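Each of the next two complexes has chain A plus one more chain, namely chain B in the first and chain C in the second.
Coming up: the complex of A and B.
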């Protein structure tokens, strides 16, 4: 971490600049059309068959594990709800299909790659970064292990290598950013035999999602999860039942960082509070010094 | 357009379509008011709300429209069994009994169940539209791999409760492809037994006063010339194959009753319900035992309404309109009347025109002769 004083000021300046820019975009929520050109994935839980090949694809693409494909046909894993762990960036869970318990719905969980990621906002060293293409990536070389990102994430996605005493990392899906840059699809999407995962531009995916809802009203509830949740996410979901009945959290449409950032940045807004503070201090010092000078005069 | 220029098959497929639509739109473009009057939903073919000549925004596969208009094919045209092997790499090919599926699809949406795009004249194979890679220009269109998997698994996993690859895929290796499949769990390799209709079915119902309902299945088919699809509608594999039948597929009491009352139109429980098996329908019970002439006749020849069988006029002329002494060819009953008797009034022998009774000779002849021994003509 070669961060000298000069660099530090650069970051601070950039930070205040982005804060000011943030002020411009504040209130523009719902206008997440700005993210239409970002890459995203539409997860159609009505098409997903729970084969877990996405887990295999993810582990291959990220060199997490090298198990045989047939091992993923084990359905006993669905007995317990799972969450992403350090060596599994994505997991498939089930949720109940009304009137047909023998054929439940399946729900793939991974990083949602929020449009306004709370983890990025919480990270004090810039280890997490929202790329312009959409992915939220992680740089272990910058991470200092504070795990604020884990607290900040509304989807409880980042996992931590507690078993690694010396070089623990925060681990989460990085949207296969390297593959994306080469014009390829993420590992999980490539592995999905049913194409329940559709990769594309976020704007196109939203159009596709709404099209599916309109054309199959009996199959889907009229809600694209991730269109507005937490200010919009790159990964979005379709489902046959209300999302309240799935493990996905109920989240408002306000970007998560908006609340915290408005408080924290508000303190430094247009440098008024710091100037006021320093002004106050200066006044105090000034008056104190005058008094001291008077005293000194008396002494002399 | 990049995709189109790459693939001549797609150009061949869509260009005439685009041209045709362009032509139609040029010649008889629908005004907004006219468009509102059509029964077709604009969204069936167009992706945008207000299509114009400049921007037709047509879907590549205007599925529903195409189906209703052009898919008039029968099962007999369908290929028998197929080996889907275009995509073979990691997993082996899939043996697909096309004819069987086609036959069963009659019970629901027919060919359209899978072939959602069928231009006039023919049904193209899946691979003609669905390419090796998902089409990035049209996210609605899955790749061939995705299309196959979605199509097969949407039904198969519902009743097999399995998504294991080997359920459909034959393991890689030449012997398994050519050899006889003996594995009893291999439901794909074994040809489905011919579906034969049952003669009768006895249903046990929760109705105390008559728990048994006997349904003469074969009789209904034979008598009324019904096709499977006439009764079995919106059914799929799950109805027969799924032992853990989901609740949503169980018919409600109203639905069950509607199957019979749709034709029988009765509210009398005892018509169907009984404490024992009901005997099959006998025409004699209606007071009209079928004679040797009527026994082989199609019900609808006398009961033309087909579904509703009402009591008919028992007189011959009730059905055989126009029969009289001149026109009736007596020979059909096996007796060619001689020249004398053919001139006599029908009622002279057939007392009160009751033709089902034995004719008498006593009207003219006093010698007490028997028409069987002394027939009034030549027996044929």
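Coming up: the complex of A and C.
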């Protein structure tokens, strides 16, 4: 139900309870193919050489920092596991290659652009939005800075500008939406010299990923991370070891916002439950008032 | 109603020793608050892994829960017409009104862009999937309802007594007239608002419990349950009367009034019932989810869970089922304090202890600024409460037994946010 979330109130006014129930179900499971036309990126960690050019490309594309390319050759950053921060939407980390500990695998981290983004579902004002093309974007002018999106994100991606006193923003990869709209590749993909990042339609990427697995079974485990995780994501990964051994979290295939949305929609089904409660209480008030009046006559 | 139970402004010395200590704490808190507004959220120990700290867990979540005395008492007295509890309605209403006001003040400190706090009322930004949106809307409307419910008390205080000094004397008639109109209209409509207040409370009290369900992979299984909203609602209902009792006892102590033990004690009779339902629901839920093993794994979480329910629910039930304890000042005070402690702890547990984010380098502990703001707001709330009951007819004062009132508010320091 990615994009029709905000139609909730319209649906409510339409007053069809069953419609709502169906709506939630459809969003729940198996609907992955509906996202085939979304844009996505396949990150092949078996090819990635850890050059960090994607970090550079991202910072250029988003005007985050203007460092010289050579600065990204510094391998010492790999000593610590890094996370995306306000002025760095993507970082490359390492994870161990079992047969060759000296040369680790590399893993690029950024927003996954979930098919059913928990951050979007959580956002109180709709500052985060799932675009039809796939990206999850952020509008700082709507945002009130409650940070519920950060609580909600199962990949712990959004970062916050805590040091900013007046206009702090939630910061995360926005999938270079402006470039995407114009048919261009995102900054990081453009910068990758090794084709470790493949940009394309999610459906095509899945096909590509499974083909690579079939053709090189010794090189990859048979798992496309992001195909089902959290209901599917636009960014997906291939790896040579089980994903449990990487920093990517183990996440089931259920869309994260599923339960909260069913509860919300259940409570507000056409506003019937609140109104029913109101009616019930009004009735109680009336009944007890009469009783009291009868009693009151003898009492006071 | 009994004649000796007519609410009146309390006559007492405002700045007693206790009040001065509170003022100091409130002052420090306000400094910390303004400091946050100038330098931003860096002074809090929250980070990208722990985006929420005690300002959400205590100031907002616990604050809302402990303001539940407002709707529970209103329901009891106005909807179920238990007239004998009428004297408790106004203090509970005031607590709720101030409690929610301070929830908003606390929330503003926590919001990165606090000046956008009004955004959810714009239909163009409505986001019906967001639990927080629903909480925000309900709290906004409920706060308005609470102010409306409090209006009659203001009217009562000033009606027929408007006497502005010379330059403004011309306004006297106008104000008097608007007061009469307000009085007449409110009398007719007040039931509508009272029921609306109860419905709104049901909605947002429960929805607060839905908030963390969006983080299934981060929550500890002892607290992660799809029926968490039900627990939040049941525990809010259960803490409503203890809160009213606790306050009433402290107020009578502080203002040297005779505590209404008989009324409070019969109110307390209902607490084990509500707590029992809450406990029973928790028990069933833990069983159905097969979460019992987590209770015995010796973790910090299992320990605080046991304290939360053992000290905060089981023990007060036992205490209150005993007639002697329930009819004594100390017993009532202890039992109600325990329930308040338990519910406060539950909110802190759900929002902080149970929340285990990925990639966290160290667990969250509040900074001194966060603590200063939280405690400062509680102190300020008590001071404002004290001022209002001395100006407006809120507390039902039995015939006064003396004029020289000495304060003994040691207790109010622990008086928790409503």
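We adopt the following convention: the second predicted complex is superposed on the first by the 256 of 300 C-alpha atoms of A that agree within 3 Å, B and C clash if a C-alpha of one lies under 4 Å from a C-alpha of the other, contacts with A are read in each partner's own complex, and residues count from 1 in each chain.
To be clear about the criterion, contacts are C-beta pairs under 8 Å (C-beta built on N, C-alpha and C of every residue); 3 or more make two chains touch, one makes a residue touch a chain.
No experiment lies behind these values; they were computed from the predicted model shown.
*Asks:* Return fit or clash for chain B versus chain C, each positioned on chain A through the superposition.
*Replies:* With chain A as the common anchor, chain B and chain C both fit in the superposed model.
*Asks:* Figure out whether A:124 sits in contact with chain B (first) or chain C (second), or with both, or with neither.
*Replies:* second
*Asks:* With the two complexes overlaid on chain A, check the angle at chain A between chain B and chain C, Cα centres, nearest 10°.
*Replies:* Apex at chain A; the opening toward chain B and chain C is 150 degrees.
*Asks:* Which holds for A:49: it touches chain B only (first), chain C only (second), both, or neither?
*Replies:* Once the two structures are laid over each other on A, A:49 reaches chain B alone.
*Asks:* With the two structures laid over each other on chain A, which partner does A:200 touch: chain B (first), chain C (second), both, or neither?
*Replies:* first
*Asks:* A:214 in the overlay: touching chain B, chain C, both, or neither? Say first, second, both or neither.
*Replies:* first
*Asks:* Once the structures are superposed on A, label A:101 by its partner contacts, choosing first (chain B), second (chain C), both or neither.
*Replies:* A:101 contacts chain B only, not chain C.
*Asks:* Which partner does A:73 contact after superposing on A: first (chain B), second (chain C), both, neither?
*Replies:* first
*Asks:* Is it chain B or chain C that touches the larger share of residues in chain A?
*Replies:* C
*Asks:* Between chain B and chain C, what is the tightest CA to CA spacing in Å in the combined model?
*Replies:* It is 28 Å, taken between the nearest C-alpha atoms.
*Asks:* Would you please give the residues of chain A that touch chain B in one complex and also touch chain C in the other complex?
*Replies:* On chain A, no residue contacts both chain B in one structure and chain C in the other.
*Asks:* Which residues of chain C touch chain A in their complex?
*Replies:* My answer: residues 1, 37-42, 44, 46-49, 51-52, 75, 78-81, 83, 110-114, 116-117, 119-120, 125-134, 136, 191, 194-196, 198-199, 202-203, 206-207, 210-218, 226, 229, 355, 357-359.
*Asks:* For chain B, which residues are in contact with chain A within the complex?
*Replies:* Within the complex, chain B touches chain A at residues 43, 47, 90, 134, 136, 139-140, 142-143, 145-146, 149-150, 153, 157-158, 161, 163-165, 242, 244, 246-248.
*Asks:* Okay, in this complex, where on chain A does chain B touch?
*Replies:* Answer in residue numbers: 47, 49-51, 69-70, 73, 99-103, 192-195, 198-200, 204-205, 208, 211, 214-215.
*Asks:* Spell out the part of chain A that touches chain C in their complex, as residue ranges.
*Replies:* 5-6, 8-9, 12, 81, 83, 85, 118, 120-126, 142-148, 150-152, 154-156, 158-169, 247, 249, 251, 256-257, 259-261, 263-264, 267-268, 274, 277-278, 281-282, 284-285, 288-289, 291-292, 296, 300
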